[in-house]
Amino acid sequence: MPQLRGSLDGLVFEKSDPEAIAARDDIECVFLAVPHGVAAEYAGPIARSGKQVIDCSADFRISDPAVYEEYYGQQHPDTDVLSQAVYVLPEIAKDGWMDASVFACPGCYPTSILVPLFPLISAKIIGTSGIVANSFSGVSGAGKQPSAAFAYCEVNESARAYGIPKHRHLSEIEEQLGQAGQGEVVLQFNPHLAPMNRGIITTITVPSSGASIEDLYYIWENWYGKRPYVHILPMDTRPESKYTIDTNRIDISAVKDERTGNFVITSAEDNLMKGLAGQAIQIMNLWQGWDETEGLTHA
Amino acid sequence: MPQLRGSLDGLVFEKSDPEAIAARDDIECVFLAVPHGVAAEYAGPIARSGKQVIDCSADFRISDPAVYEEYYGQQHPDTDVLSQAVYVLPEIAKDGWMDASVFACPGCYPTSILVPLFPLISAKIIGTSGIVANSFSGVSGAGKQPSAAFAYCEVNESARAYGIPKHRHLSEIEEQLGQAGQGEVVLQFNPHLAPMNRGIITTITVPSSGASIEDLYYIWENWYGKRPYVHILPMDTRPESKYTIDTNRIDISAVKDERTGNFVITSAEDNLMKGLAGQAIQIMNLWQGWDETEGLTHA
Amino acid sequence: MPQLRGSLDGLVFEKSDPEAIAARDDIECVFLAVPHGVAAEYAGPIARSGKQVIDCSADFRISDPAVYEEYYGQQHPDTDVLSQAVYVLPEIAKDGWMDASVFACPGCYPTSILVPLFPLISAKIIGTSGIVANSFSGVSGAGKQPSAAFAYCEVNESARAYGIPKHRHLSEIEEQLGQAGQGEVVLQFNPHLAPMNRGIITTITVPSSGASIEDLYYIWENWYGKRPYVHILPMDTRPESKYTIDTNRIDISAVKDERTGNFVITSAEDNLMKGLAGQAIQIMNLWQGWDETEGLTHA
Amino acid sequence: MPQLRGSLDGLVFEKSDPEAIAARDDIECVFLAVPHGVAAEYAGPIARSGKQVIDCSADFRISDPAVYEEYYGQQHPDTDVLSQAVYVLPEIAKDGWMDASVFACPGCYPTSILVPLFPLISAKIIGTSGIVANSFSGVSGAGKQPSAAFAYCEVNESARAYGIPKHRHLSEIEEQLGQAGQGEVVLQFNPHLAPMNRGIITTITVPSSGASIEDLYYIWENWYGKRPYVHILPMDTRPESKYTIDTNRIDISAVKDERTGNFVITSAEDNLMKGLAGQAIQIMNLWQGWDETEGLTHA
């Protein structure tokens, strides 16, 4: 990371080994940033040694191993640890989440959809069928593996949908929304690739079930009014991804289309911050009882 | 246009004047590329002088002056000429369109939505409620006026929704779909700005009403199989805007999501070609009885 | 600044007025970020009231009013204050600079050229004629005024030279290099616009006068080895602008071309940080006796 | 090439084989677009069979096999054919070039430097030492191999120098300039990577040897005034790469810096057109006696 040159003096990079990490007694909390499948191999020994795991992979985001297998094409590597894990999107996590030994940190797409929808479904002011979410993500969401598909000239000056109709992240989005209290939720999720390094915007169309836009804002304000990382923008303002870059913030707003009866909800976030790494820090802060914004300078 | 330097020898730029154009007898056909409101001022005298008008503005795209006034905030300047105009998206234009004296050429968003949906609604294999279209457009769609909102550093590396919930182009989209034969169509249309010069992609979610994906492709093949500028891509391929740049082509494909029962339809085009200027040339070619692709080199 | 929403609680924006600022006794230091010409109107009353001025305009960068007039096309507005000002590029500023009442903070192009060249000219290991500097700057260097020239579609996917042959910044570059001790320096400076938001790279070709590349690195190490914001990269590594973004760092490296006898020196920096705003903070830190990196998180 | 879908009906792709191509009697001219080293393996059999070869690789650009070996790190594969080849930059190629059996088509960097400099060196109005050329190229210049260095997020929003101090293309540039008639020319060539798909700009600083800018333009006009693909822009206009995209044109202009006595010459071209593929077509047109612009629509 040449951009951090000079900031990392004293930082030691070591070959990692689950057992060796588990055996150390100078470690309280371990962040896992490895591929799914691999994460569970680390989480097991580490969690069993009594250390807290904050996992950034998909391995602990879905509680049902059968759904995991359906979406990820492999058996879950450690269902024992899975049963001790909890999904932690801090602003909507269920009471008691801090007692779990593994925290599953959600990624960019689910965060951009769950933050705006979860309170509305909990409050029963929107329906649970007919929801359509379209997301546009920057290229860093695709990771660092060199591939022809993400070469500069392939991605630059173009846009495309992909992962339709059954993107992996659907499974966790639907599980979480289902837990909001109104039974099964089935969602249409259409992800797209945008020619930019970072940032994600999501536009959600959802039948209003007769609720007014004021009802919607009232519920959001109630839920998020005091949370530092969810900013509720006015009805006439659409979030822009650029304003969230390098911050741990998600910006949301909504408008009601009286012609169709739909709410149109828009959100924006930095896929590398609130969309993963920043959120993982936020989880640690809350778990430790520290200020939620510690180490995350911009609100 | 410095990029055309050397290609335009002999081309004469003149101050334009509707009456003077109307008076000339060496002109058969006039393309209007001026703002709405202004177009109607030109179209009147020119059409009355017996010349063909191909208009690229919004002035003749909506047949009902009241709807025009609702969406464009001003009275229609010439309802007499309006009544002699016809909407010409060549692949779906109604029989007899060549007899009209003014051809209204549709723009980028409507083309990207009407081409895939019109045959499906005509064939009654999709419903007319619950349609959600999300478009993602390059910046040239915003025109050439200098403005802070479209300065390089404002647009680059960011994405945002805008024009929600009632974008001007909705009016013509809904009018045309209504004419496909199943009565009123109300659409949720969510446009977005993408950080690229040209190109537009649209993703449409539409309830399948029990039809299969094979039904959908069969209808498309029937309708567009022999048209040079509509390319039907395989179900597992999403159109990419880059492959349409500098062409007059629109690429379309669809997939059925068995979980939601929806078709997810995607289209891509160059907003400056099939999305307007290329389409205007295509209209002239058809009207003249020339080969549809004359002067439009790439298929 | 929507990206700072939530970080600026308590910050008060006021209409500014030089006399009112001068009259306040709760202010020690004033940053001026206004156009040249305007800056001098503020600096006079404020400096005379005993407050320190850190000026980000060109008004105090050139000591000779005649040269200022030649390059900026107007008489210097306040030569009295000019005589109390000093040019502060922290790593090369002359002894005693902290005693001046106005600090002129240099901008992006001069910083990218002066940091690598000043020590080499001081040490007399390069010649002072035949120097050629080519810079490539991101678009934010052009400021925020909306203009057709900096509209997204004009700048995107293109590059061009501009400001040749006599860019305004030449005057201060040549004055500073002249003070390095070998008499007059005349430089060929060719600025270019690059399609990116931030960042600047400069490539300087300079006759080596027989010195070796090791001599050059020895001088740099001696001069900058302990400074946090000048990073000397290995001879086989070229600085990339992306690694400096959001930091106050300038990265430099050099190589000797044995075929031509030239040194080819390359530098990279964030034009908005080390190229101006970050440098202004760095100046305040040094003047106050604080740690040089205070408030400037990345080294 | 999905963007050409529909334009290539009837085009046959075959596994290529030098001997099989050589044996066919329905072929007059073969374009080679393969890596250096490989090109010579094809060119030998094909040229010996009496067919014309237009080669886009480096294999026939350097007449001296020793220089080839120095710059490309391998022995020349076929010095026999090399002796029958000629370097063809159409506007400066030496008389009689059409008699050669292999035409070496130059690439982007050499074209951008040779077109402006060759006539000036021939006319002896500039010196041959102290020339400094800085080029700034789009990413397509790096080819199609997937690599981490050219992944979208690595290239986007950044700029860097590379290939300093001895880029491979130097060898052919210096050979050609040496043939302009004033003996050996040694050049400082500094290439850079720009965050854009296509296009290249080059800025050349060259001592004027007392000549005036009018002298320079007079020579250019004389040499290029009637050539369709070299556009001479006014002294106060710098070429922009965007205006050359999709054309076979190179735009050039120059200004004299009276302070330094240097000419500053700038050029722009599309690296994929005049910078290679377009130029290869132009060569075929001239060799066949066809109009130079055949198949190359924009001038």
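Some points to look at:
So that you can tell them apart, the chains are marked A, B, C and D in the order they are listed, and the count of residues begins at 1 in each.
The rule is short, and it goes like this: contacts are C-beta pairs under 8 Å (C-beta built on N, C-alpha and C of every residue); 3 or more make two chains touch, one makes a residue touch a chain.
Keep in mind it's a predicted model, so treat the numbers as computed, not measured.
Across the assembly, the mean Cα position most removed from that of chain B is the one of C. Interface comparison, C-D against A-D: more C-beta pairs in contact at C-D.
Chain B and chain D, compared by their mean Cα positions, are separated by 41 Å. Between chain A and chain D, the centres computed from C-alpha atoms are 49 Å apart.
Work out the mean CA point of chain C and of chain D, and you get 37 Å between them.
Counting only residues that touch two or more partner chains, chain B has 154, 156-157, 195-197, 240, 242-243, 245.
Chain A makes touch with chain D in their complex at residues 139-140, 144, 146-148, 150-157, 195-197.
The part of chain A that touches chain C in the complex is made up of residues 2-7, 157, 228, 231, 240, 242-247, 249, 297-299.
Of all residues in chain D, only 130, 132, 134, 136, 154, 156-162, 164-166, 186-188, 190, 192, 194-199, 201, 203, 205, 238-243, 245, 255-260, 262, 264, 266, 268 touch chain C in the complex they form.
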